[in-house]
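Given below, in the form of structure tokens, are the structures.
Common to both upcoming complexes is chain A, partnered first by chain B, then by chain C.
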Partner chain A sequence: MHDRTLSRRQALGLGVAALAFPAASGALAQPAVGRAMPREFNLTLSHVTANITGRRRPAMAINGQIPGPVLRFREGEEVVINVTNRLREHTSIHWHGLILPSSQDGVPGISDGFQGIDAGGTHQYRFPLVQAGTYWYHSHSGVQEQSGIYGSIVIDPATPEPFGYDRDYIVQLSDWTDETPSHVIANLKRDPGYYNYNKRTLASLVGELRRAPDAAARSAIVSDRIMWGDMRMDPTDIEDVGGYTYLVNGYTPAQNFTGVFRPGETVRLRFINSGAMTHFDVRIPGLQMTVVQAHGNNVRPVTVDEFRIAPAETFDVLVRPRDGRQYQMLAESMGRQGFAQFSLATQEGLPALPLPPHRPRPVLTMADMGMNYGPSGLDRGTPMPEVDAPGHVAPMDMGGMGGMDHSSMQMPAGGSQGMQGGSMGDMNHGGMAGMDHSSMPGMNHGAMGGMAGMDHGNMPGMNNGAAGAGAMAGMDHGAMGHGGMAMPDPLVNDVGAPPGARVLSYRDLRAAKPLYPVREPTRVIEIRLTGNMERYFWSINGNSFSQAQPIQLHLGERVRFRFVNETMMAHPMHIHGMWMIPQVGNGAENPLLHTVNIKPGSTLDIDMEVDAPGGWAFHCHMLYHMETGMMRKISVVNSPRTASAG
Partner chain B sequence: MGFRTSLATAALMALGVAAINVSPAVADSAYQAFGTRGRAQDVKRTIDVVMRDNSYQPQRIQVRAGETVRFRVRNAGELLHEFNIGTAAMHQQHQREMQAMFDSGMMSATSKDAMAGMDHSKMPGMNHGAMNHGAMRHDDPNAVLVDPGKTEEMIFKFTKAATLEFACNIPGHYESGMVGKVDFAR
Partner chain C sequence: MPGMNFQRMGLAAGTAIMLSFGASTARAQAMQHSTEPPFSHEVYTGAVLFETLEYGFGLDGPNVGRWDGQAWYGGDTDRVWLRTEGETTRSGRVEQAEIQLLYSRLLGYYWDIQAGVRYDIRPLPNRAYGVIGLQGLAPGLFEVGLQGFVSQEGDLSARAEVSYDVYITQRLVLQPNVEANFALQKVPELGVGSGINDVEAGFRLRYEVTREVAPYIGINYERKIGDTARYAREEGEQVGAWNFVTGVRLFF
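Then we have the complex of A and B:
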């Protein structure tokens, strides 16, 4: 039954493709059925003209459609996929979340022996399917993914799944821009706040001051602005790219993709976030959602009202509408710039339900910024650090902030005016390190109960340093609410849900069939997520991809990546070829994920059983973050230690 | 933020426990509208039910009003499961109670005896004296909890035709497909 539903959806996708790009022949990947031979699929990439917002814009499509065709595989089979490049540029296709040999992973210059697909060329991929579930594929060249080179993968399981359903729909979320992606990057580099339509202005400051009830409140407002300015960051900067139209399976909200059901049926929704730069907060008013798979892997079913899905993540949920009303799936962008939506209804062709008003736009508070110094002492890193370019932070030999490598922060010395730019890295280590507490008359340390982890005695670097200590002098720390300041919970998603609503957290995810026994990691590698918003480049441990050497891991080891997000942005970190096991407190049942969202200012440990030799990409799945440097190559090698001596 | 949430969860837990104290009177007796505890000597028919993670075989059973049935329920899965006969509304109510118990750590996903290993001293604010462990007790005649690999029996007399489902109310299981229909033959 669900087979039929899915193929019907495929046909619908084709309909839209035909609408957007006339005369696309052979739009579906046609599996050539054979015996004992691997099934063969054909994908052809080409330039097209798309009309998504009412303007005809250049785009890229697979087999003439956006998204590309659904690749429906079977667990245990081997497939051959011929990718033909009719673009005028180099390309590649990566199979996101699939466990396969490095040579088939499709990242030019990183995957073993793969240099991409030249214009006019055809590349043949061939690999066995060793897993089941919902995944997706996309270009791993430049920002082609943003232009339309993405599609979904469904792998039917070899054994029955631990849940049942009557209908099956793919819900592939994405963000479309009428701009060409290279212009987006140029705009961001020129002005990082280019797309921040909610930026606080001088006028808004005057307004806030006028509304303030008394002098103390006015003073608090001013010091808040000064503090943000001093960090060269902007608290309204939740998403860095705007002007998006959000799509479901290529449909705009008005086009209203519709999943048909009969009352009482159980409907499986395979959510895939193929957004280049968008976290979505998902809800279906009137229906609870039971999450049964996360990133393709079965989890103990958990019923929630809402969930946040970061770029590249997938969640499979079951819903069970009891009555025949029209339900609306709302996927609101985290920065509250728009919705993707579709309908669940008993018939097709109904108009979309009206979109609700946006929930309040989250504004980062100082607490969200986390004052995140990360763990201290030996917990901070590893005595056997990754092989890395200069800038890697060696483990601290003493507590507190003493061992921090400020030299790697590349912080712009000139105070950019107002709220612009900067990064968490600057805040933590620049602004704070330069803080001279003795010159802060208004500061009441006694009231700063929440900053328990902060040992002032251990901050040798604290004197009147470079960055704007003058501005700090006027700061009213009492008004900053240090009392309530705590490390942000790395696993709670503040989606603005009403009280009592259950919102999915990684903590709720328990692997139904853990793949690996629990064991202690052989070493801990610190992965600081860093960046310079001012010049719009992003980095890992202070080094962008082009400056860094590969991280070497050894086959058979269990490595722990200690992510420390020193920036104000969430970074969905993705490792190719091996599962990431976030340490969320569920022991052997910690979930197996291919992408782990690291919240701003938070720290999270992720274990990895290093069981796949070769070269693998490791990067932030915010497309422009990856493109501007937040990426590494991981080399999994046989030889122990010797290779890492350098 | 996280702290606030865990506090809220704790508050919910407390509420949940309180609700369990009060609600069993309602939940426990609701089955009386359509049935009652059956007597072994009245059993004319045994229905075998196999539970897996997370489904039932068969997915539909047929009974007669007035009939006493022995249900022999085998758990072939790796998780704890329930076989509970009730209306959709009863199941919904029961699911809320179960959720509260799982949230509070009073139940585990793999064994109904997890209670035994529980360290009660670590649960401040919980008044165990006042808790009758309502839904956990599971000596209701219309429901049975079955540990993985085990088989349990339940004898139930359907006194009156009603719109009933058999279901597992452990969090997430009903929604994943552990629900079947009870048809009344005329």
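Then we have the complex of A and C:
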């Protein structure tokens, strides 16, 4: 019997102790004795009874805590981590965002030679730390992450950071449910709208019609209802799972974790979204936040009022409270189901400031459907021929372009390198996708509605008329005209901020020290994010993980993944072991991310320097999307000669 | 008291089998969630739905009890179904009771094709049928079920069902539904004429206390048509009946 009853105070008390930097956590087994000896850490996973909401519920903990202990490493050192499994089931620990050998990455059945950790067993991980920053770790077995198997990692840099601060707090956001995770899946499978109590109803229709200013508006409301019904889609389906209590470092909103500061100090907040299924919209009323790191990598400091953080992302921000008042960090779930919160105050133990009302709940529009009139018949979500099998590239040539209605619909804001003259001669599509919005006056989003009537040959700013026509030909004008809405900007997050507030987008992220020189991708692989919302299963290119072949990449190549989100949900896509470089238009300074949030109906290109051999997991970091199929294995192999022939 | 026995049998067929089916799905589901490698990530799960479990007060005729339930277990594309529906009279006698065991496969985004067997315990004489069907969600969010049957005697018949959930509020749901049965030829021993046999339409207003339990009230109208109506009259039965119904929708 490994179960251990754990009071909230015990569980969270330990967590707090671990947060008090720079003291090493209880996980540290022995101190370093010179460079030869790697520091050793011990993690023990066990079943516990947690009481988060007032009900005693089964949970899983690491060293008796939820979240697990903070692992504080140093860049350049080698660490040994012993993970002991006292659960009654198989487990694994994955080090999210760390660049390490595949064998140490911790995904059962995918990482080289790793089959997970048996019940009762201990597995020793050993790897060098080649990076600095804020990361986290979690179980990669089943849905254990939702039960509590997650913790944070801080790697202190070998060289001083280009910014200073006086205090340092981890802000690990998560979502807790009193239901068991397998129950959540079963509920979603039998009724995808199980948790949605914000559906459109007859009552809400009456309200909308009453508020409508004129007959035209009323008829638009009615036809919008009919359209969504015809599509058999639910525009209020923002978050799949409900009933969550949102936590900061394991603290409920009522417990209100507090970070102490003195007026005038600079406080570093390391935001980590360890939520299983929750995008958080973060703000600290009264304080601006200067983002200095994204996903562990230094970025050119950018000051914002608010940001959205997708599951698995991390952002480090600096705040400078000048006076001694109490500030309240609010992390509102994207579907407005609740808040996570904590206080910045000059003393501990103050009650939380009153919560503001929820911002309006987002409602999906045709833009979020990618202008696609919903799944009909056999398209979208049902098994389709693979387009990403080894050797297959998309798009392959101009001829293939016409049939590519998805990618050609979109003009992702791209790196300017894509438009550089040298590559224009052969005009590969990688270059096309790299078209920068700013250089295409006719392409701004406001003007998109007029696209249908646009003379493609004369598209201003596009100096290759033929290629332009090719790309535009695939656009479904009929669908475009429908509703007359703009294409979704793949990078702008509508968090409902007041006018004038600055909201972080990936476009604001500029790598402070790019790791890789800019070069053209060797090939483009189309990654369509697909799924069946009615059955609640998710897939990539129409194939769930259980049906799919690994995506084969070649060591040394630079591959471009063209994400095309055909679903109505956001998918934070995570690739293990290698950095993703989203083509956000910052050229050589495009940021390095481990997880890239792909908004509904949008398209985004990411480049990847394939420099890590072995097997790597590639998946959506919405836990139940991954568990129900939105996952692939990437095999990085050594075969430069066959890279193009496959 | 053969009637009582059959009531038990009918309801037992309707509930006990399905509940045990549900229990086994829960067990199997727990097993599937093992994290033993190589893990496939295909999630197997199941559900039990009694859309109708009600007592109808005849406004111009006898009272009736009615059930209509289905349970499924399976993966993303392949599923096994158990369906049952039936009717009892006021005296507790089971008038109609059928069970279907079906295999289904996802045909498109919203549609399953089904094939299997149906067995009618009532009316007598008992009949076995082969079933082929289509079940899914039509544009406009209509739940549609179409089934074709071939009996052990070679008789062909069909059934069409359509229902729609009108969410009045987040928990108050009005469900209109229509069902019609057809036969290609008459089967006098079962009181079935050729052509449209009967039509049934209802409005049920349920309150979802939880997604699992939703008590409801409603009205239901049944009408036998053509030869089927003539056979009923000859038996001294009503051909049309209005019912005020009260029941509970269960979904696990």
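Methods note: the second predicted complex is superposed on the first by the 475 of 646 C-alpha atoms of A that agree within 3 Å, B and C clash if a C-alpha of one lies under 4 Å from a C-alpha of the other, contacts with A are read in each partner's own complex, and residues count from 1 in each chain.
Just so we're on the same page, a residue touches a chain if its C-beta (ideal position, glycine included) is under 8 Å from a C-beta of that chain, and two chains touch if they have at least 3 such contacts.
Bear in mind the structure is a predicted one, so any value in this text is a computation, not a measurement.
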item: Touched partner set for A:Asn249, first chain B, second chain C, both or neither; value: neither
item: Chain B versus chain C as contact partner of A:Asn541, first or second or both or neither; value: neither
item: Which superposed partner A:Gln131 touches (first chain B, second chain C, both, neither); value: neither
item: First (chain B), second (chain C), both or neither touched by A:Ser141; value: second
item: Partner chain in contact with A:Arg320 - chain B first, chain C second, else both or neither; value: first
item: First, second, both or neither for A:Pro162, with chain B first and chain C second; value: first
item: Chain B versus chain C as contact partner of A:Thr258, first or second or both or neither; value: neither
item: Touched chain A residues, chain B compared with chain C; value: C
item: Chain A residues contacted in one complex by chain B, in the other by chain C; value: none
item: Chain C-facing residues of chain A, complex; value: 89-92, 108-109, 115-116, 141-144, 182, 185-187, 189-191, 194, 197-203, 226, 229-232, 375-383, 532, 534-535, 537, 544-546, 626-629, 631
item: Interface residues, chain B side, partner chain A - complex; value: 1-3, 5, 8, 12, 52-55, 77, 79, 88, 99, 109, 171-173, 175-177
item: Contact set on chain A toward chain B in their complex; value: 160, 162-165, 266, 288, 290, 292, 300-303, 318, 320, 322, 367-368, 486, 488-489, 491-492, 494, 499-500, 510, 512
item: Parts of chain C lying in touch with chain A, wherever the complex brings them together; value: 29-30, 33-43, 45-47, 49, 76-77, 106, 108-110, 137, 139-141, 166-171, 211, 251
